[in-house]
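Letters A, B, C and D mark the chains in the order given here, with residues in each chain numbered from 1 onward.
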Amino acid sequence: MTDKLCPDFAAAVADIPDGATIGFAGFGMPGTPFNLIAALAEHRARDLTLVANTTGGAQLPRMPDIGMLVERGKVRKVICAFTAATRASDVLPFTKYYETGEVAAELVPQGTLAERLRAAGAGIPAFYTPTGVGTELAEGRETRVIDGREYLLEYALKLDYAFLRARRADETGNLQFHRSQRNFNPVMATAARTALVEVEDPILPAGAMDPDAVHLPGIYIHRMVRVPPPPAGLWPQKRQERAPR
Amino acid sequence: MTDKLCPDFAAAVADIPDGATIGFAGFGMPGTPFNLIAALAEHRARDLTLVANTTGGAQLPRMPDIGMLVERGKVRKVICAFTAATRASDVLPFTKYYETGEVAAELVPQGTLAERLRAAGAGIPAFYTPTGVGTELAEGRETRVIDGREYLLEYALKLDYAFLRARRADETGNLQFHRSQRNFNPVMATAARTALVEVEDPILPAGAMDPDAVHLPGIYIHRMVRVPPPPAGLWPQKRQERAPR
Amino acid sequence: MTQGYTRQQMADRIAARFQDGWIVNLGVGIPTLCSNTDISPRHVIYHSENGVIGYGPVAVAGAEDLDLVNAGGQNVTLLAGAAVVHHADSFAIIRGGRIDVTVMGAYEVSAGGDFANWKLAGAKGGGIGGAMDLAACAQRVFIIMEHVTRAGAPRLVERCALPVTARGVVRLVATDLGLFEPLGEAFRIVELAPGIGRDAVAAATGTALLD
Amino acid sequence: MTQGYTRQQMADRIAARFQDGWIVNLGVGIPTLCSNTDISPRHVIYHSENGVIGYGPVAVAGAEDLDLVNAGGQNVTLLAGAAVVHHADSFAIIRGGRIDVTVMGAYEVSAGGDFANWKLAGAKGGGIGGAMDLAACAQRVFIIMEHVTRAGAPRLVERCALPVTARGVVRLVATDLGLFEPLGEAFRIVELAPGIGRDAVAAATGTALLD
């Protein structure tokens, strides 16, 4: 069987072409593939479409994120649940590129984003959801009344690549996540043709992980890279609280 | 918080009314709530709609199953992936009731059945699937072409009650399944307004189960009953192989 | 002396409505303070969009698990009986109607129960997060917000001027001036904060009030 | 001496096509025998509809885990690297196109690649199981079946008389007489079983053959 372990992050992202659609796990710090993002920032690919919960930039201290890829001019479009901060006083790095039209964006409710990715992985091309009905997001969109309630039609969101981060992996690619690190990791992987994961603990031999305790089966994983200890590798940091408003 | 533990199986099913729609986990012996089914067979409710993978009757030795509920005249309709055996030489107890029209049936591909239940639990009223296109099941049904491929529209399948079986539970109702016991258990629970589970091991105190290792969160579970040791309780048995044809 | 409810008191008035066994989702900001309120002997389960079910207080400094956050990014703790699921399963819980109440901040709430909290006037884009899913699918939507904007404009209005998050869903609003229930044509005053008079509220409100 | 392939040989001819790393779903009956075939050094992963990924041989008597079965209800074992998921996730794997090949039995296969395996002539109802999902969504559908019915009627036909399971999906058929590829208007003879002549196959086949 193919060896899924890559020597370093640069090797893992080396074949990503211009125009690829890439999904990023992570909700806040947990589960965010910082090291793979940093490698992508150094990689030549441009004209990318990125899919993630946020456009980044809200974290203190700032870690490699989508905002960084945008700032380097590598991004054509972002599909996410936040194109601006919800507090008027916060300004995301992404926002100015979006406002000037340098980068396009598609704003999607977080649950719809997760479900569109899940649908892509589950071979469901489209589904109906109550989320967003009656809002600006529904304008001009197809709706349908089912059992007296109105729903929006949403389409599967397929990825070329998914970037993940997990606590543990075995050599077949079976993954386990720690606490809220799980978040978008499974759906990003299942939606993608090729899934890359950065792994925190030493890779386990096949058979060392209880089959009942696998969070994401290894059949979805194509490339794995161990995260080196800090400072060489990037790890979640304690968030500095912003001053209360 | 409400105590979810019931003294016995009869108490767990006691409020199920005539006309209820009930889903049953289980694929073969593993994960089948034999004891809850046996209690339902003794309960007065009639005119039931049952949802399960099979109509039962194929197992040797025979255990309490949907076929038994049908034989007792409690069932109006069955929604399942098998209304007959695939081998012409096998005859299910259900089949004669179906052929005479005493019981109605809706035959659904197994993956569509799982996804319709998952959709019900996930607040998705309808979705498109490639399964069944071009077959007798698609006749007269709504289809849609998406990206050049034809799909069938399928609707969520909601349950009033779900009957489950799990290896372990904690007192909040968090569940763990052993191996292929998991099968339909999670989707049946999420699709149901009220979920009943028979539990094999002693109920664990809250906090004794690793939150990362929970297969089904306790928020979906309403009633639990311990399975007594045999012979008082019903447990999976070794299947006797049928003679090769 | 300050009149009206403090931020914590607004949260307390909302938390007082939580019933035993409810599954509760708290939005970022003031709603987070609901988890500080002592509602014993009642017990609720806090759910966060990122799949955490049954989280507890913010971790004490030095004991944080950096892989465990709530929707506001705080390093929280887990209570006994907690469970973790992935994002699609977490929103299956939300869309499936298992959240008994979602408590959110808002820019505006209308008498018809519409509310707006994701996009500012004139902005291109915004921050939806999980708000639209929660608003459309939770059993109840409770809002906590200041009664007026910093510029003094009313936030309880006849119709929302900002793009709405969901329509006709708000059941109760707590502001620094009191508790208000949208009834379609007007807000009913459920209670007034200490030291707050009806006339002061009427002057700060953009639509009709009922007692 | 019996001519043509035995049941195990039919399975062997199909298993010989499995490529390294493939995810394989085996239907009940003869397809199950594919897992007996030694295809080393290649390695495939067996998937079962009930969410078992990476199962191995049938358990030896006395060592069965009664909570572990494959789609045929056999008490199988797990290989190193196995994982278990629930039914909706298992069919997400199937519909998501992750199954490289599904091997099934059939009553009939047409030259156009349609096949029928869920409902007998004149029956009310039938047994679909996971066959329609697998047939519609796996990367390849391979069929193993006897070349003719017990009554001697051909199973390789111009058009299926029985209700189909899926249309235009079959890539390869193994029968006791050989291996056949549906090409739209005819079946191509990929190979003939030992001792089987072309004329015998043509006589037992309900549509045109190509060499």
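FYI, a residue touches a chain if its C-beta (ideal position, glycine included) is under 8 Å from a C-beta of that chain, and two chains touch if they have at least 3 such contacts.
Given the structure is predicted, the values throughout are model-derived calculations rather than measurements.
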Mutual neighbours - chains that touch chain C and chain D alike: A, B
Chain pair with more C-beta contacts, A-D versus B-D: B-D
Chain located farthest away, centre of chain D as origin (C-alpha): C
Centroid distance [mean C-alpha coordinates] between chain C and chain A, Å: 27
For chain B paired with chain C, centre-to-centre distance based on mean C-alpha positions, whole Å: 37
Junction residues of chain D - those touching two or more other chains: 78, 84-85, 88, 91, 94-95, 137
Where chain A touches two or more other chains at once, by residue number: 115, 118, 122-124, 129-130, 178-179, 182, 211-212, 215
Chain contact topology (line, ring, star, complete or other): other
Chain-to-chain touches, reported pairwise for every pair that qualifies: A-B, A-C, A-D, B-C, B-D
Interface residues, chain D side, partner chain A - complex: 20-21, 23, 43, 45, 47, 53-54, 78-85, 88, 91-98, 137
Contacting residues of chain A [partner chain C, same complex]: 27-31, 59, 81-86, 88, 95, 98-99, 105, 107-112, 114-115, 117-118, 129-137, 167, 178-187, 215, 235-239
Residues of chain B touching chain C in the complex: 1-2, 118, 120-124, 170-172, 174, 190, 205-207, 211-212, 214, 217-220
Sites on chain D touched by chain B in the complex: 28, 48-52, 64-69, 73, 75, 78, 84-88, 90-91, 94-95, 117-120, 123-133, 136-137, 163-167
Touching residues (chain side chain A, partner chain B) in the complex: 115, 119, 122-130, 144, 146-147, 149, 151, 155, 176-179, 182, 211-213, 215
